[in-house]
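So the structure is just underneath, and the comments pick up after that.
Chain lettering (A, B, C and D) follows the sequence in which the chains are written, and residue indices restart at 1 in each chain.
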Amino acid sequence: MKIIVQEHDFDVGQELAAVAAGDLGVGGLASFVGRVRAGDAGHDVASMTLEHYPAMTQKVLEALVAEAAQRWQVRDATVIHRVGRLAAGEQIVLVAVASAHRGDAFAACEFIMDILKTRAPFWKKEQTPAGESWVEARGSDDVAVERWQPIE
Amino acid sequence: MKIIVQEHDFDVGQELAAVAAGDLGVGGLASFVGRVRAGDAGHDVASMTLEHYPAMTQKVLEALVAEAAQRWQVRDATVIHRVGRLAAGEQIVLVAVASAHRGDAFAACEFIMDILKTRAPFWKKEQTPAGESWVEARGSDDVAVERWQPIE
Amino acid sequence: MKVKLLYFASLRERFGTAEEILELPGEQSRVAMLVDVLRQRGAPWSELLSVDYPYRVAVNQELAGLISPLKDGDEVAIFPPVTGG
Amino acid sequence: MKVKLLYFASLRERFGTAEEILELPGEQSRVAMLVDVLRQRGAPWSELLSVDYPYRVAVNQELAGLISPLKDGDEVAIFPPVTGG
């Protein structure tokens, strides 16, 4: 497992090639790359600044990957999250999960992304022509998390 | 949209960089890479040979991507499927979907993979120490497809 | 009327051919009639093109059923369930 | 007892500081008491550490609630809802 928070960019091709490299038991590798979106009409985002709480981030991300590996068959996983100033179009986050079967790879990857969004201590500040402002948490992220609750 | 069936390998990093390249409206890129799995205990797969029905494959894959783009917001997508002889560990298929939001990217990507498995005319023959044999379709693939049925 | 038949994967191997041209009586036909003609050849046709074996049929590159119509010049592919991805 | 306080993002900016050491009465305390002490400073503390504002608290890097216990030397972080990914 590889879990890193860094300022510099990452090479998706290199990272994906390294997930479970040489593991012939892998049948599928699901991944997600989040990018800085330029915003919507009337809300142009030129860049964002990502801040985090380093001591907690690492703990949360490790716990998250461990939880995914308990719920699904995971042979290897990589999570890279960037911090600092990122221009529109730049990569923010990579989550990649290698499993024997595709269903596990997809579910674990999406689970990590969804929970990361509501539990990992990162904060985004947007730079727009109107000035800077902190991004507010979205209710849809909580909805995305709810479907992963264990069924009692 | 890029939909290709080819014998030679593909470079995942290059392909992912090309999906919706320069499109600042992309917030997420979900992808899946299928690899030749070496098999399970007592069933060692050294390689497989993939055969297809070229005239139909292209049509089916194009229809599939179009269907995904109708159901979810898709800004760009790439599907590459290899044919011919592939050794254990080699890449078979890449599906990548870029969307404004991650939920659409994940859903469209998984949808394309699930439906591809049951509708695209590819057939796998495995080479094991015990000889060659055609892979049988799996019931679990039909189950994976069922959840994508539109709710009436 | 004539149709072009294509076989894939295990069916191609079992039938020992990848394609053939088949003459069918009349100017129109249906997949069911084509399959009947093939089954009358005996094994392995009768064995593999039976309800016990989940073969698939595509007419002009679109999945078809037994009642799907056939016309002169159609391309008919017969193959086992697909296993790509 | 003393705790180390950390503020992040908009709260760090509004409070004008990233961290401070805070002395609390007694040898044990709770998050609720700490928040009370901070609110007594007046605005912006009283405004932002209110039920109208969905602030989060972590004690020693674990999310905590108002009744979570505090002891000498704890690291307490106060921040807005997270927006990573």
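FYI, contacts are C-beta pairs under 8 Å (C-beta built on N, C-alpha and C of every residue); 3 or more make two chains touch, one makes a residue touch a chain.
What you see is a predicted model; the values in this text were computed from it and never measured.
Under the contact definition, chain B and chain D share the contacting chains A.
Note on chain placement: the centre of chain B and the centre of chain C lie 27 Å apart, centres being C-alpha means.
Rounded to whole angstrom, the centroid-to-centroid distance between chain A and chain B, based on C-alpha atoms, equals 22 Å. Distance between chain C and chain D, defined via averaged C-alpha coordinates, is recorded as 73 Å.
Multi-chain contact residues of chain B (touching two or more other chains) are listed as 34, 102, 113.
Multi-chain contact residues of chain C (touching two or more other chains) are listed as 85. All chain pairs that touch, listed by label, are A-B, A-D, B-C.
On the side of chain D, the complex with chain A involves touching residues 6, 8-10, 54, 58, 61-63, 75, 77, 79-85. Chain A contributes residues 11-14, 16-17, 22, 24-35, 37-38, 88-89, 100, 102-103, 105-106, 109-110, 113, 144 to its touches with chain B in the complex. The touching residues of chain B, counted against chain C in their complex, run 34, 50-53, 55-56, 59-60, 81, 92-93, 113, 116-125, 134-138.
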